[in-house]
Amino acid sequence: MSGDRVTKALLFISSLTILLLSAGIVISLLGGALPAFKEFGVRFITSSVWNPTEGSEEYGAMAFIAGTVITSILALIICIPMAFSTSLFIAEYYNGTRTSRILRSLVDLLAGIPSIVYGFWGFYALRPLLVATGLTDQGFGVFTASLVLAIMIVPYATSLSAEIISMVPAELKEAAYSLGATRREVIFSVVIPSARSGIIASFILALGRALGETMAVTMLIGNANVIPKGLFAPGNTMASVIANQFGEASGLKMSALIAIGLLLFLITALVNYLGKLIIKRFA
Amino acid sequence: MTEINTALTDNIGRRNRTNVRFRYLVIAGAVITVIPIFLIVGSLAIKGFRQINLAFFTQPAPDTFQAMMAASTGDIIPGGIANGLTGSLLMVFLASLFAIPPGLMTGIYIYENSSQKYARFIRSLAEILQGVPSIILGIIAYIWIVKNITKGYSALAGSVSLAIMMLPLIIRSTEETMRMIPVSIREAAFALGTPYYKMIYKILIPVSFSGLATGVLLALSRILGETAPLMLTALGSPAISFDITKPVSAVPLLIWDFYNDPNMVSLVWSASLFLMVFVLSMNLLARSVASKHKYI
Amino acid sequence: MAAMALLLVSCGGSGSATGKQKQITLSAAGATFPQPFYNLAFKKFNEAGGPLINYGGIGSGGGIKSLRDQIVNFSATDAFLSDEEMAEMPGEVVHIPTCIGAVVIAYNLPGVTDLKLTPELLEGIFLGNINKWNDPKILASNPGLALPDMEITVVYRSDGSGTTFIFSDYMSKVSPAWNAQLGTGKALNWPAGIGAKGNPGVSGTISQSQGSIGYIGYEYAFAQKIPMAAVMNSAGFFIEPTLESFTAAADEEIPSDTRVMLTNSSNPAAYPITSFTWIIMYKELAYGKHSSEAAEAAVKTVRWLISEEAQAIATSVHYAALPQNASLQAEELLRGITYQGQTVLK
């Protein structure tokens, strides 16, 4: 069966692309980040000081780590009910109908909007709305950014979830129905367990998107290089500070920014790992 | 016997009510999700509609003087996004070429070998790579391609950065889609003596086509709107060009240029409107094609 | 599919000289401030037979990095290279000033359009010491102005920028407190206020938030019709930001390499927060894969930028033109540019 062997080898080789890519990225990032770690050591991760003044330069990543983690998780929390109900709507309740197709296209629309535009919309339309509610003074802050992030990542969570849910074999569902289960019971006892892996994967995909999002966040979070003091206080995220400062940075500052990029890589890994642990817990 | 019957019928009322309530909850959730869509699309349509005409698609971007003159007379700004359009299409095409084949195959590999540690490791890598901010990938492509290969800003560098962004999305969605295929289909194929590659190519892929298409579409939608990495790789150009070793424009880059020029702000909305409609059409087209191949 | 791709990209290949005019393509990158002017000027030059210039507005820092990595023909920067930066370059770099820009203090106060600010007031406001608009210190310089009892919200640039550099350079000259606390730089450790990305971000934030004040590039405030404050210059006059007042700031002795900050000019008619913007290029253009034709095209393009024709284009889109002394210096520097030792301009 050498044809089989060849195919298996081909598949294996293709898996090497992402392996080599990731290794290359980590190596390139490490090279750039080393000066910052040499200079500040572990303090780089724990300190929230960010002082670019020449002569007394000191950089610490904590403010941005806090901002990234808070906004991404908040965005996911806001997104989950929306994505979950929408994907159930599309793939279960109204599966195959025109309404479902229309809704699906509408959600696809969200995915097609460039992130800058989310930033503009958030800035010109959402911000005044939030200011009008009185919850926030100028409208910049963690909450605004998380809200827009949530809307941005909905298509990622919904699209794949809906697809996976619609692929749950009909026999499984029909078996449950024949035992007298209501629709909701079928969903919770058959559809979700069967599609669980895919649904969670879609949420992790969405979270990943949120962790790395730059443009929309940078326009709404207030760009204050400190740990946010409250839900509506300004802050900054890792992706945003890199995008903002990289163009003009050099030397130690550039190294600090690349180090933040490396840290983001690691945090994404950590979040993924924790996610898997949580799933195992509830499996 | 009677215990079982009463157990099932006792709380049938409550179960029915929960059922109906849940249904309403789902509908409400879907409606809430849809509201921002209308708000955003509405803003884009209202603000951007004026500028869209034939010239929008065929002419390169205007300069600031033309924009300024138009703004002062209240006319629509001349010119369009043709240079960005062609650049985007070029780079997306190349990026797809680079990312889709390895992405699909890696996804299949992970699915086929999901019990092995190595495969699980690769899957985790894909998830992590997904979260890397696009600007970092731009920096990487700058170092690898712009500095070392094309020795200058180029469309190739832009394509590479976009391809790296597409890869993890395609890998993950491929694998998840494959997982939903009933094992029985696969076993049936083997039972009939189908060679491995044929099983993948004639059975696995066609059956999961709709899911694969979703993954690819998601990836394409993502990269069509990316700006940061392109600033460091493709740079931008006022001309319509297909030379991959030279700088090239892209629609998001143009949006960034329009944003930074005080006279051209209204073009931001039009270009964004266009991008959104384009992505939607692409999705619709692909879905209608995929639905003809749905086996499950 | 792959074959089609190869065909497509080879079509766009450069150097397919079929005897007709072979279009030279140059790459340039850098500051966003002069980008509208450059794009327009490059376009006009191209229409008149000059090369095609691909310019990317990736910021002054990006431009400097690109030049250092030798992947562009020239770059644009709002801040001239320091001695350390010059030393890091693999070759000698010349600075050619192309026009003059200014940083204005824009504000959003309902009913107020004639705000006058002194260096002390700027220091107080931006350092967070003066918090309310009706502070007596502000009223002292603006007698008769109806200043409301509103909190001052400072808006600064969150991204590293030449605009911040120019503003902080001026402030460091006129305020010892600023010099000690924040210094001069493209990104500062702001004690108060909110950060917004880019000129559009800051001007957008200011127009949307009442009681806010910030610093932005002149052409932005002008195009968006945001009120700008008159600033007291070193001679004690409150100067409104106008193109003439910007050009006046350069009307003095400038060093032969043109590396000078025009802020806080001694000229009594000058607006104090002004600066050149420069094109930077290597003195010896035979580097990387650049041909002698490309070198000639590059020098001719930059010379076009400082010509009367291009400077008229600059003023038509609200950039301030170079005064005579600066353009003469620039010409001199261009004449010194060589390709493999031979001067490019004959």
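We just call them A, B and C in the order they show up, numbering each chain from 1.
In the analysis below, a residue touches a chain if its C-beta (ideal position, glycine included) is under 8 Å from a C-beta of that chain, and two chains touch if they have at least 3 such contacts.
Nothing here was measured: the structure is a model prediction, and the numbers come from that model.
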Category of the chain touch graph - line, ring, star, complete, other: complete
Between B-C and A-B, the pair with more C-beta contacts: A-B
Distance between the centres, which are taken as Cα means, of chain C and chain B, whole angstrom: 36
Gap in Å, rounded to a whole number, between the CA centres of chain B and chain A: 15
Contacts with two or more other chains, residues of chain C listed in rising order: 58, 62
For chain A, residues contacting two or more additional chains: 124, 243
Chain B: positions in contact with at least two other chains: 256, 259
In the complex with chain C, residue positions of chain B that touch it: 63-65, 68, 71, 90, 93-94, 97, 146-147, 151-153, 231-232, 235-239, 241-247, 256-257, 259-263, 265
Chain B residues within the chain A interface of the complex: 8, 15-16, 18-19, 22-23, 25-30, 32-34, 36-37, 39-41, 43-44, 101-102, 105-106, 108-110, 112, 118-119, 122, 124-137, 139-140, 143-144, 164, 167-169, 171-173, 176-177, 179-182, 195-197, 200, 210-211, 214-215, 217-218, 221-222, 224-228, 252, 255-256, 259, 268, 272, 275-276, 278-280, 283-284, 287, 296
Complex contacts: residues of chain A adjacent to chain B: 1, 3-4, 6-8, 10-12, 14-15, 17-19, 21-22, 24-25, 28-29, 81-86, 88-90, 93, 101, 103-118, 120-121, 124-125, 151, 154-156, 158-160, 163-164, 167-169, 180, 182-185, 187, 195, 197-198, 201-202, 204-205, 207-209, 211-215, 238-239, 242-243, 246, 258, 261, 264-265, 267-269, 271-273
Footprint of chain C on chain A - complex, ascending: 50-55, 123-124, 127-128, 138, 140, 218-219, 222-224, 234, 236, 243-245, 247-250, 253
Chain A-facing residues of chain C, complex: 58-62, 64-65, 85, 153, 158-161, 182-189, 194-197, 201, 204, 208-209
